[in-house]
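Just below sit the structures, each encoded as structure tokens.
Look at the two complexes coming up: chain A is in both, with chain B in one and chain C in the other.
For the complex of A and B:
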């Protein structure tokens, strides 16, 4: 503290200059921290989506507007209700190159009493499923029974509560881990439950335009895993030819599109961070350059009082490091306040999967941002420190007289 | 000039809260015009923001340090209550993706917390003014 106190005195004596330095370095830390967190969250969201998707091909009814509709359903949780004949599942299973096929039925709830919004209900076959079941197994280690539901992490209800859909009470038995995609807002149940809910919807006068008229004869999407060694593109073409009134979509294509968007966002963020850094470093150098002229006489007096050149440059560097550290802390705090409460808003605005990193990783990013900012501040201050420490006290004081 | 910095910032924050509570970060709006679960929370934020605005204006007008301390303390209490309004004292919609959860609640909490910090700063500044006056 003894060696810091003259440094702090120098900083508090010129509050304007100190504030400007702190603000500049805060700006640097804010850009590094928030940029790193956003890009890392997007990467984690994409990884999570890849893990959760699990299927190579998705077969949907032709009227499902193919890829766009399905991508919106997966990424943003857009409600999708489209149906095709359940016989399509057998046709898919018979297709050469298909290893596994599992059907899902989509249903949108009315504005549920829980949330003032519609909720996507997804019915699946627990015995054949390889898409949702492995994910559900992480939260529930027994088969899903009739009128039991598992909810995404963003559906605000707790395990053990009743969830009302079309005036039917469904018991919430598990809540899933976050994926950063639209699937976090969905409700999952078995096929029996979703067919009961379809019937309940019809009793309430909500028609789902099912051609056959029988709710249990429909599916919304069929998830396909191809045999190891088979070409997914070839299987996709076979499915498109074999299953009538349906479209087969390769998930790899969808993932590539999402990865491309993510890469675009990452590049934009990187360019913005670089621009902010160049601008702020130039301003820092100008500020330090101005400081050389402003403090020439003050430091000459310090030299006359017996301070060595080393002590003088050390004092200037300590001032810079202290300002940079304070600024970096402010920047990281501001970044955290601006990023973490608004994750949902960022996700919906970017329309990309977004999953915040774990607290440990966030702390690492914060330490990284603070270190980089303090180093940048010190590097910018080093030149000034060496120039000021070389000041000849006699000449400087005579010039000013 | 210097002694009005805190009430100036408080006035700006309170005005932003009051105006924002029915514009940028207002409650959810149903397509059919019916009230959402968060409408009451939105109204409460508006009222709280207006009250803090009035207190900030009074702080500007009054010159007595003790009166200003009382007004800042009242603003601090109202801002603290404001932090609890969306979600704790008044319900918000229960889906994470709803506007009230994604925008209204975090923005209101951040702005009320900032107003509370400014009010606390105002109290400390006024107290040091009183001490300097006595010395």
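For the complex of A and C:
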């Protein structure tokens, strides 16, 4: 004889009602989990971008015009190929208030073997760099040799493979951790390598040179760290006045813009979650309210047979908790399936840095979503349980006898 | 075993009418002893079911007390009273009293397992056999007729073996043959030492009774 559990029997033998409750609670869990993960990923992306940028000011050629080009490069991996005379680096270093300055050269591939799309090649000076090197050091604990590259996490190649660009083979020696920004699709190498690649591009008829310079005399961007105690705004103004045909951009301003966009998205997500919750809670209360009438007689029988009010409430709450738990698991699973395979799409659509939280954090969010959903289900169920446990069995069973 | 009511009454307040309350049961004292079958008859609305519910611990009397072997039912908290009802008082109510999501067999075993007891499967099977519903073991209540549901409720109470059985119109939906089967089963329970109260307006029941009481306008005569 199998054990009779009225709770399980009620759930399995009323599939319509059970499914409705599971779906409703799944909807709640989905909204909480996916909303939390998206907002958290955006925040993490912003933090990562701040960490990775590591500079107070970026000097770019005037042709890069606005910070939009640089922002797009950093956030979305949009190819940026703008150049200025390398002498700008010295002028920057001479400027009062500048502690460190490090140049980078950008080069776009026509089509790399590894990738179906163009990739951004970034050449940097390992000896002077304070922007990329600390980050690369996490994956590679030696200096980059010539014709060696380090690739962003979204570049589809592995360490040890050859990366072919403009008919030159570069060896992939490390793959970087995710940043959630456009930097994840970039390829990093030292200045010698990038100049060799510039030369190779030249041989292919693709020129990256500025009007009056040659390959070794160009840089794309100069990253500046100001001296402690110096006013970055003042240094920025000095740079704009001192370096010809270049524009100095404060990274703080760029970050503020990104943070503002992120705040807007966070608010929208919060409003959506709140709307979903209000709607779903109202529906839950209506469903439970209907259940009160539907189950009055059945629960009167349980009271008649000796079930106490507390047991009756416990039984209803158990049913609700089981449904909510099943729904919450479905919702969280659905959220994971809808979000994690499509992080790139989300990042592209939102045009904001997007970095998925670590697995441990995701599990915490999942536990949070499940807990909140089960609690909400139980709270809605408590009202029903309280009403049903007060049913007068004698009168109820006589009604419609 | 003894179920004793001392001057219990029940008043219902009403908004309309000459008086602002109606006396469904006037003060009544009654004793149901183990080994006896008492039949309570009376017209509809005479207060029989209200009295039965008060005796079962389901309806708090307006005045008076109900004792089961010296225990004042209404002095107990809900938990204790519910447990006591589960163990010692079997109620066969009017109308449908099945849990729709359980099979007939599971419904019959339900009182015995509510507090974690071992299902009395053998007893359940023999009462189902005796009451002619053994073929409905795996059926659901929605598939049963009124008479079958009534016999299921009786089998459920008899299987639980309570000390007191309170049956409200137990033969209401039954034909003559099944009426006889049910009343015989209740008589057997009384002979086995239970205190049985049958509320009925059918004269057939009186033939099985050790004592017949008549209720009229809330008063036992």
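Throughout what follows, the second predicted complex is superposed on the first by the 395 of 401 C-alpha atoms of A that agree within 3 Å, B and C clash if a C-alpha of one lies under 4 Å from a C-alpha of the other, contacts with A are read in each partner's own complex, and residues count from 1 in each chain.
In this section, contacts are C-beta pairs under 8 Å (C-beta built on N, C-alpha and C of every residue); 3 or more make two chains touch, one makes a residue touch a chain.
What you see is a predicted model; the values in this text were computed from it and never measured.
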First (chain B), second (chain C), both or neither touched by A:154: first
Chain B versus chain C as contact partner of A:6, first or second or both or neither: second
Touched partner set for A:185, first chain B, second chain C, both or neither: first
Contacts of A:304 with chain B and chain C, given as first, second, both or neither: second
Touched partner set for A:342, first chain B, second chain C, both or neither: first
Of all residues in chain A, those that touch chain B in their complex: 77, 111, 114-117, 119, 154-157, 184-185, 337, 341-342, 344-345, 348
For the chain C and chain A complex, residues of the former touching the latter: 49-50, 53, 56, 58-59, 78-79, 81-87, 91, 93-102, 106, 109-111, 113-115, 119, 121, 140, 156
Interfacial residue positions of chain A with respect to chain C in the complex: 1, 3-4, 6, 9-10, 13-14, 297-298, 301-311, 392-394, 397-401
Chain A-touching residues of chain B, taken from the complex the two chains share: 28, 30, 36-37, 93-98, 101-103, 105-106, 109-110
